[in-house]
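In order of appearance the chains are A, B and C, and numbering begins at 1 in each one.
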Amino acid sequence: MNLPALLDCVSSSSCVVTQVSTGLIIGMLLFLVASGLTLIFGVLGVINFTHGSFYMLGAYFSLTAYRVTGSYFDAVIAGALGVAVFGVVFERLFISPVYNSNVLMQLLVCYAFILILDDVVKIVWGTDFQTMGMPATFALPPIHLFGGFVPPFYVFLTGLTVAAAFSLSVLVNKTRFGKLVRAAAVNRQMLSCLGVNTSLLYAAVFGLGSLLAGAAGALAAPVRSMSPEMGFSILIESFIVTVIGGMGSIIGAFFAAVLVGIIRAFGSIGYPLFTDGLMFAFMALVLLVKPTGLFGRKLA
Amino acid sequence: MQGRLTIKRLTKRFGGVAAADNVNLDFAPGSLTAIIGPNGAGKTTLFNLIAGRLKPDAGEVWLSGENVVGLPEVEIVRRGLSRAFQIASLFPQFTVEQALAAAVHARWRQSHSILRRFPLPSARARAREVLELVGLEAVAGQASQQLSHGDQKLLDIALALALEPRVLLLDEPTAGMGREARWQMIEKVHNLWSQQSLTLIFIEHDIDIVFQIAQSVRVLHYGKVLAEGSPREVRGNPAVIEAYLGATSASVPV
Amino acid sequence: MALSGCLVVIALALTLDNPQFADFVLRLSIFGLYALSLNLLVGYAGLVSFGHAMFFGFGAYAFGLLMQTGLVSIPLAFVVSIAGAAVLAVSVGALCIRLKDIYFGILTLAFQMLLHAVILSWVSLTGGDQGLQGGIPRPPFLGVDLGNPKQFFVLACVFFFGLVLLVRQMVESPFGYSLRMVRDNPERALALGLSVQRYKLAAFVISGTIAANAGVLMSLYVSGAYPNFAYWTLSGDGILMIMLGGMTVFLGPIAGAGIFLMLNGIITRTTEYSGLVMGIVLLCVVLGLRRGVLDFVFERCGPWAVRRLSREG
């Protein structure tokens, strides 16, 4: 534990700004991954443990697209859409056969794909760390804010994620698709009795969830170095976020993601070795006090 | 006092709805009582309150001279109250004999025994007795989930009987059966009651059955006791005809 | 029968004097025990734990640390570590069993990762991410010298069989059947007078304690303890083992541990992309067989197996 360092940081506005902005982008990326996780769990009742690998795929897809086209915009589209397509195929071929099996079977299918995708990435992109570098569009001087400096890309990432969160909640709360999603979260059998094509709905939700994870990967590409293990750590953290926020709750995922991002940013100064422990302790506490998470069971 | 069940001012609300509203009932030791009432009258809730699965908002449940409200369900079972469920509640993979032997172990407080093999020979012998009592000898070796609907209901009752209860609650023993099977089942229940020294309380929808075998009848309506007495008295009660038959014919086309 | 088969294995290993084979048998007894203990919880009591490695890691570290003090004998260190694991299991279990289904599993995972974080960050005691350094002394006791590989081998095997028989007795006892009742229909078990929560806790504690035994054995075997003993990947491997071997047959988890170790050995020796091959094998088992290997074999072996299966169930 390094309390003096933490106190030093908290008393300096530039350090606070740096850590808060770092925490925010960690939180934003976590939210994008966790919202897909929570959406899929809410509708399909499946915890997609491959979600971290989807994030990784998104990052690598965008890397390749960026190198080919030179446009970061294209890279983000490639990452998001590529993973969405992959997700739909994955759901149809491998997840749909185990919907009615127990949770361990689903877990194993996902685990198998974590192993497979990690190695596929090693084969295609190599085992070394890779970086995309900051795209030219964002290679601007940092913005001066509250006595600290914030990279412009951070502002872009945060703005885009907040917009995504907003659209997602509109989609779930205001559209026919959202109605189906909410209905499925309450009673899946009933929905298919009413003549809703649940296979299509499941594939769509899984695709949407994958799209979010892919987008997160693409958005992380300029600020994170890529390696075949990057899926694991984000999986664990986004899982924590999902549980703290309440499995199935998108608003919950947003708040929990920001919270975890901030804990991580300041924890890395105060308790570098125990940051993981801190988050797990927090998750255990939430589970014990309110097992369904801070924002309950309901979707959105 | 053994085997007497007395309910005083029992109240339970779900939101604004009173599932039990100041219910007062008394069941004499060794009596056979039917509880009737339209759907949603609070019959199953009453059983859950008695058995300790639900905690009442107010009131008392006296079992063999002791107020058992607030005791954990397990403690109430150990004081001699057991129950069978509206939808047979079984252990799907256990054979009939295994299930009954397990219930006998529970009765004898042997369920946690770790050093002996299941089933204890004595428990198995006792399970056999219960099997014969309810007439399930022929399917003793079958997995519970493979039994016919009627046999599953019987096994559920047998599990409750294996606990040697003083008070036995049966929630619709004839639910989901054809007319013929209903009468056979109720005859069995009646025989079981007359062979054991039991206070038996059962919920039943079929009025003919109720008036045929019950010594006395309690009518529940919107969580309140509407009438009680012998079948003859209850049948002639204008409030019952009005509320019970009226409500039934209005809401459920029979 | 199973027992005599195992005795043959010991005899074989000793006479063949093949260190590689002996090595495999030792690993199998450690991870077989670990998987068996997990299945007591998952298969018999229906409590899907994602944090079982917590007890394996605790057993290994507690035993290793006690032995490194140089003040205690092996049996004493063993007893104290197991007792410690039991205390840990009672406290963690009491909290975890308040939750159901997936939430139970997640909470066990959280506690396991907490222990992992403690191990990583308490560097002065545990050596942090380097693990326990300097080896674990093996002073002779009661005429047994564990420094001698043959003696260690025999003792480990005897220890393994002793515990397997104990678990076997447990799952065939009235207690074992009560666990199945709690798993299949907790409401009915309660209505029959079984204190469901107590049985869950008992299963949690017994299972955790046996996993700690496996951890102790592991720390003796590798003469150290490492943070990955308490990491979630080991919890995951445990689930993998019981799913590979089968949850409904008593020896399924041990078979699963064997399959897992062999697969791992073969794959890491033959290919650089072990994850790819392992993942494909896993997919074949899950989507092809849709059950563990022993489950599958037993279901295909006619009425004898079915009868046995229903008894195990």
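Just so it is clear, contacts are C-beta pairs under 8 Å (C-beta built on N, C-alpha and C of every residue); 3 or more make two chains touch, one makes a residue touch a chain.
Quick caveat, the model's predicted, so the values are computed rather than measured.
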Query = Chain contact graph: line, ring, star, complete or other?
reply = line
Key: Per-chain CA centroid nearest to the all-protein CA mean   = C
Ask   = So, what's the distance in Å between the C-alpha centres of chain B and chain A?
value = 51
Query = Cα centroid separation between chain B and chain C, in whole Å?
reply = 43
Ask   = Approximately how many whole Å separate the CA-defined centres of chain A and chain C?
value = 33
Multi-partner residues of chain C (each touching 2 or more other chains) = none
Task = Mind listing the chain A positions that touch chain C in their complex?
result = 47, 94, 97-98, 101, 103-105, 107-109, 111-116, 118-120, 122-123, 236, 239, 243, 247, 271, 273-274, 276-278, 280-281, 283-284, 287-288, 291-292
Ask   = Tell me, which parts of chain C touch chain A in their complex?
value = 42, 48, 95, 98-99, 101-103, 105-107, 109-111, 113-114, 116-118, 120-121, 123, 128, 232, 236, 239-240, 243, 273-276, 278-280, 282-283, 285-287, 290
Key: chain C residues within the chain B interface of the complex   = 169-170, 172-178, 180-181, 184-185, 187-188, 190-195, 199, 202, 310, 313
Query = What residues of chain B sit close enough to touch chain C in their complex?
reply = 51, 53, 72-74, 77-78, 82-83, 85, 89-95, 98, 102-103, 105-107, 110-120, 143, 159-160, 163
